[in-house]
Amino acid sequence: MLKKNIETFMGCDADYKEAKIVLYGAPYDCTTSFRPGTRFGPPAIRHESYGLELYSPYQGKELTDTPVFDSGDIELPFGGPEKALAAIERRAKGILADGKLPFLIGGEHLVTLGAVRAAVRKYPDLHILHFDAHADLRDDYLGQKLSHACVLRRCHELTGDGKIWQFGIRSGDKSEFDWGRTHVHTRLFDFEGLDEALFALRGKPVYLTCDLDVMDPSVFPGTGTPEPGGVTFDALRRALTAACTALDIVAADVNELSPHYDASGASTAVACKIVREMLIAL
Amino acid sequence: MLKKNIETFMGCDADYKEAKIVLYGAPYDCTTSFRPGTRFGPPAIRHESYGLELYSPYQGKELTDTPVFDSGDIELPFGGPEKALAAIERRAKGILADGKLPFLIGGEHLVTLGAVRAAVRKYPDLHILHFDAHADLRDDYLGQKLSHACVLRRCHELTGDGKIWQFGIRSGDKSEFDWGRTHVHTRLFDFEGLDEALFALRGKPVYLTCDLDVMDPSVFPGTGTPEPGGVTFDALRRALTAACTALDIVAADVNELSPHYDASGASTAVACKIVREMLIAL
Amino acid sequence: MLKKNIETFMGCDADYKEAKIVLYGAPYDCTTSFRPGTRFGPPAIRHESYGLELYSPYQGKELTDTPVFDSGDIELPFGGPEKALAAIERRAKGILADGKLPFLIGGEHLVTLGAVRAAVRKYPDLHILHFDAHADLRDDYLGQKLSHACVLRRCHELTGDGKIWQFGIRSGDKSEFDWGRTHVHTRLFDFEGLDEALFALRGKPVYLTCDLDVMDPSVFPGTGTPEPGGVTFDALRRALTAACTALDIVAADVNELSPHYDASGASTAVACKIVREMLIAL
Amino acid sequence: MLKKNIETFMGCDADYKEAKIVLYGAPYDCTTSFRPGTRFGPPAIRHESYGLELYSPYQGKELTDTPVFDSGDIELPFGGPEKALAAIERRAKGILADGKLPFLIGGEHLVTLGAVRAAVRKYPDLHILHFDAHADLRDDYLGQKLSHACVLRRCHELTGDGKIWQFGIRSGDKSEFDWGRTHVHTRLFDFEGLDEALFALRGKPVYLTCDLDVMDPSVFPGTGTPEPGGVTFDALRRALTAACTALDIVAADVNELSPHYDASGASTAVACKIVREMLIAL
Amino acid sequence: MLKKNIETFMGCDADYKEAKIVLYGAPYDCTTSFRPGTRFGPPAIRHESYGLELYSPYQGKELTDTPVFDSGDIELPFGGPEKALAAIERRAKGILADGKLPFLIGGEHLVTLGAVRAAVRKYPDLHILHFDAHADLRDDYLGQKLSHACVLRRCHELTGDGKIWQFGIRSGDKSEFDWGRTHVHTRLFDFEGLDEALFALRGKPVYLTCDLDVMDPSVFPGTGTPEPGGVTFDALRRALTAACTALDIVAADVNELSPHYDASGASTAVACKIVREMLIAL
Amino acid sequence: MLKKNIETFMGCDADYKEAKIVLYGAPYDCTTSFRPGTRFGPPAIRHESYGLELYSPYQGKELTDTPVFDSGDIELPFGGPEKALAAIERRAKGILADGKLPFLIGGEHLVTLGAVRAAVRKYPDLHILHFDAHADLRDDYLGQKLSHACVLRRCHELTGDGKIWQFGIRSGDKSEFDWGRTHVHTRLFDFEGLDEALFALRGKPVYLTCDLDVMDPSVFPGTGTPEPGGVTFDALRRALTAACTALDIVAADVNELSPHYDASGASTAVACKIVREMLIAL
């Protein structure tokens, strides 16, 4: 008898019960101010992962060495973000309750807030390691508090001062940088100082959030707000592997792939490989 | 002394005081469920209008025969639609108060609701002539009342039964068609029956709303939800000219151009020509 | 507990046992001589079907009125076509053995041969109704017998003279038309004569194969070999509905969507709607 | 011993001496005011012609029945158009001197002027049959006399009153239509009145110039200035075949394909088929 | 009362009188030999600048700290370049006469000549700092003296020997390099030797011209003639900031963005950020 | 008398007899498993080479200093690869027999096997220098022995152990790396160790095969299977020039350009420049 058409991220076909990590997608982009399209990110990553090998020559391991379950995309209501965030939080909460690591694929960066809400409830001392081109520290954006441009500011309200470490930041308005100086740890442009951060975060419960636009648009043009002057694929890969290996990551996400803006498919391939390397390292 | 860079729809450079018609854009697409991008419609129409002639061989008149003022795009807040609708309503209300015809360029179809709210306040007996591929008569869409898929249903709440005439409809769920049968006038697929509608609407204050996806995707692929089986450019042009000539149009809109989905620019050219023909005929 | 990510053609989520029709995809394009890419057709159709309504205003019915099961794409070996055809034949044979109608989504047109081999074994008196821009009647193509350009010639070897009816044909080399005159029924350019064919085929077991390039490239540019001068969407829709309603269709296919060649997505939307109308009519 | 890489329009490989028709390309677009790119037209047509059959089911003949020689593209200097026009005139003059029919592939429509200059020298009573969306009758365009928008006006200076017949025109400024009324024969929108024109032109030496944008952008989006409201492929094909068959065509051209604006390749396929049908009919 | 639609480069909304710098666009590309499209550069830069922040974390300043006026694009006649150059010269001359710095956005590189003509009249000892992939030192190109490929050669005729410093050059014919050795300072491939040049140019009136194709096509694919092997965004940004800070820049330009060749928008984002960094540093 | 349209790689117009190097194209991609399109590589390289200068500032030489003959593309049968490989082998054998260096432009990487078969017959001690992202050492791929993913494994069967040196490899399944360890020399990620390899290969007959996807997708997105983490253009250029200068190259190829996946044309420009640098260095 024939089976239904199942489409998962490459190699992520463990049974739910045995899985250590659970993938879930949040195809949401309604607060995107410049160019929408990250809603197409999760299916693109899943679909294009078939062009990728399971084996990582960087780590010398195979993706199938880690049992991962892909639970598919959440069906999200359109319009105002509160309902979407609640749905993301619910999914993350369920996965955490089952003792597994929730790995979210966005979607715009605002989706992180849903997952952080779930994680901070389980781990009140939650710290956040944040790789991004944008500080995302505004208090509001054109009057909206729940915006991709404010997501780390909202997270800060949950974690408190000194718990967020940002790397790669090269865009923001002046007030964000001013505010950030006394509330979060912000490193500009690249991963200088990452070792120090990893040392400081050791042993803490850490949420790892990676906005893929931290990479240079030459490497990753498929995103809504390309910011020239970013890091290379190898730099990001190394930083993520280092973090996943050294820290106690309790939840993670990768977001802001907008695949239609890169018809070559290279951006989607980059996202897939980043996800593979993270899954292997976690 | 040099002047600032002014960009208007071709030929629409009357002074505000003398203008009979006032263009305004609403680059909003946050409730779009399938493929966003209509936020790029108004600037694309304005920018590409320079490939067009002022003269219409169809009507034997020039666009500059009608004094039109282009007031640019409204800066709209992102996220939930209520604030955006309020801003659109304010702009339309001001134009109506000055005794001019507000001509709105969307954006997704939901923007119509803002303009209809303003029009119905001034003209309590407002009727609506609606050209579209989609009935847009759902009561809600995934729980959202304010969605592009519900916009005519919301308008119906303002106008009451029997005041909305729809043409070209070829997509909707069963419940929409069932509900519509007793509340609005729906004609499927094309403009058959338009003469009868124009006769019935004569002398009434009419809001004319044109979702450009009423055209076949071969003619107009640059839209979020292409629906095969639509009308030709000539059929739409004739229907619009007939309506603008025969009726007492008090406000109008053209919406749902998503220019990035048609890299050839043909869809934008179609939208520009439709706007030109309407402005000349009004 | 979470479920795996299942992706089917919209609304086709019947249980296999209850299903009357079973969808299966054959993402194969290795003999395509001009521009490859139909391998991306089946997932594109499945994925984009979410932009479509279940309800057909043409037929006044919903897709969910017919129980359909989507069995996903066959994993096909690359290179020479014989193994791929065998795999397609196996899938079709299994579905036929279970008393269901196999509905194949290509892929290049050669995939039809695999399904016809299975159908002709069960129904030795099999007739074929063929809608296409190309005659596909060559004996070989650059020395290859198993080529998309020869597929109806190969089918003829299984059915014999007078059993194949072709409509819409507007491209072929001279020898194809000469040969065809005495072996198959060929109607050029459109569906003139379809009533006569439906009358002749009534009561026979019929395989219905639809190469979507029978439509004009204005309607359906997303195909490997666009042939100007084709039929409209409405003409094809009507012809297919008429055939599905009037005849005893025992198997069917829709093929030659090459989605990357139409970035607007209109071609994929056309393919989805054609599949919906056929599934409802069958 | 190996041969150099020769690339001609499909099937046009007669020896120069035996050829009746000589193809030549003029990849020039420097006066294009809106969107350049027709310089890529001739190589695109030549290259994509391999997707086409030699046989025309419309005419029941093969392209190889007519001996045609493809002399490739002229290397044209950039910047001001006078040198480019002189080079085109030289090539056309040489072909005419050898008693062959020069068949020019543009480039922007201005290239026609070079060929008409050569033709009118050999045939002082030259008439012109002109298919186009645009009247191209301006006396100057932003001060330029040699512009694509003025090309028929310049031709009129060579032929005199009443010798130019235009069909399909649907764009121009008011002054063009006013001037045209007393100097040329202009038919709007389609080919109504073509029979009368063919009757009037019978026995005269006729230059046939076809701006492919006479077709609707749905059929032919790959052009610099898409003008909605045009004719179908079949209408153009029939009109051209009728003209080529009925008249004494002494030179011809096909122009304004801008292939990059239609990534689907459908526009190039349309251009190829139009050229094939013309070459067979001539 | 409503205002007309004004579109300026982000944040450049000073009054003309107070402005220190005046932006102006020259959307000209008629001598482009390979792939046209830089005419679309200035509006693309202006339009996409809204995706950018006003604040530069590199320089710790905001764009609004410098009063800049955007005077829009010059309406340029098509065809031969002499009239276009005269119009550019006029605009630059007027801005210089008002004691402001003219900042030109191209268009193809030839537009620089118009601005240099104006600048050299006011500053007879004008020096030129030139960043580019191409030497642009040909005496003529296919017989044309006024070509993008000859622009620095024409500038040399105005400045004389030893006043032009070129960096990043990696393409040219042999004769250009041979000629350049004795007339200009040419540094290949990157910015090695820039410090020495800045030292030599200190205190001189300097025209700064930046052909964006000096960057590698991975960073900046949106240009007519991509030349692999170029510099990174950061290298260019640093070199420009150093030059703008250290030198007495009297006029400047940025050119050769051809936005349609990079559908991702990354090239336009790069151009915007380069313009922002230069405006802040000047 | 006019000449036929000849299109060769820029500057490669020596007579066959005098040529030292003979170019030939193999537009084959039928075993490509992920995204086809390399069949369009050879004509794209030939066509776009006109945007390139003949002079290399890297080597200080002109392409025309080396007599090269471009013999065009082989007409290859579709479907199974054996016939295509035989045709490639025949062409390479003929060129080798005439004492010239065969320089193959692919096509997918499998085409290398045809050329290696010819080379190993003439040079039984043939060594292979292989630049690639992928190891291509599988014994079979989904049951196919003749697949792009197996090509170096097939070559190894002809050369034997220790004769193949691979650089840049960053993708493969675990079994490939395991097998490779004892049969070939594999260097991961970049060109570290190239000097040692050049030393070892000195004086041997060497086949040089360059899969362009060895470059990072930021530099070269136009390929079927983009693999993030690759080398820069300059790194590849230097490695190839070093190899061509130091070694006794008896045959060479460049493959895996899939030009449609990079609409900017940058990838094709990269391929052209790589070919130019190799031809000059050989």
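The first chain written gets the first letter, and so on, giving A, B, C, D, E and F; residue counts start at 1 in each chain.
Throughout what follows, a contact is a pair of C-beta atoms (placed from the backbone, for glycine too) under 8 Å apart; a residue touches a chain by one contact, two chains touch by 3 or more.
Remember, it's a predicted structure, so these values are computed and weren't measured experimentally.
The minimum number of touch steps separating chain D from chain F is 1.
Look at the contact of chain C with chain F and you find the same residues on each copy: over half of the numbers used there are shared. In terms of their C-alpha centroids, the spacing between chain B and chain D amounts to 38 Å. Separating the centre of chain A from that of chain D, both taken as means of CA atoms, is a distance of 55 Å.
Across the assembly, chain A contributes residues 216, 218, 262-263 that each touch 2 or more other chains.
Taken as a contact graph, with one node per protein chain and an edge wherever two chains touch, the assembly fits none of the named shapes, being neither a line, a ring, a star nor a complete graph. Contacts from chain A toward chain C in the complex involve residues 1-8, 13, 16-17, 22, 24, 43, 46-47, 69-73, 91, 94-95, 263.
Across the complex, chain A is touched by residues 34-35, 169-174, 177, 188-189, 216-218, 221-222, 225-229, 261-263 of chain F. Per the touch definition, chain A reaches chain B in the complex via residues 29-33, 36-37, 39, 75, 77-81, 83, 141-144, 146-147.
Of all the residues in chain F, the ones that touch chain E in their complex are 50-55, 57-58, 62, 216, 218-219, 233-234, 237, 262-266, 269-270, 273.
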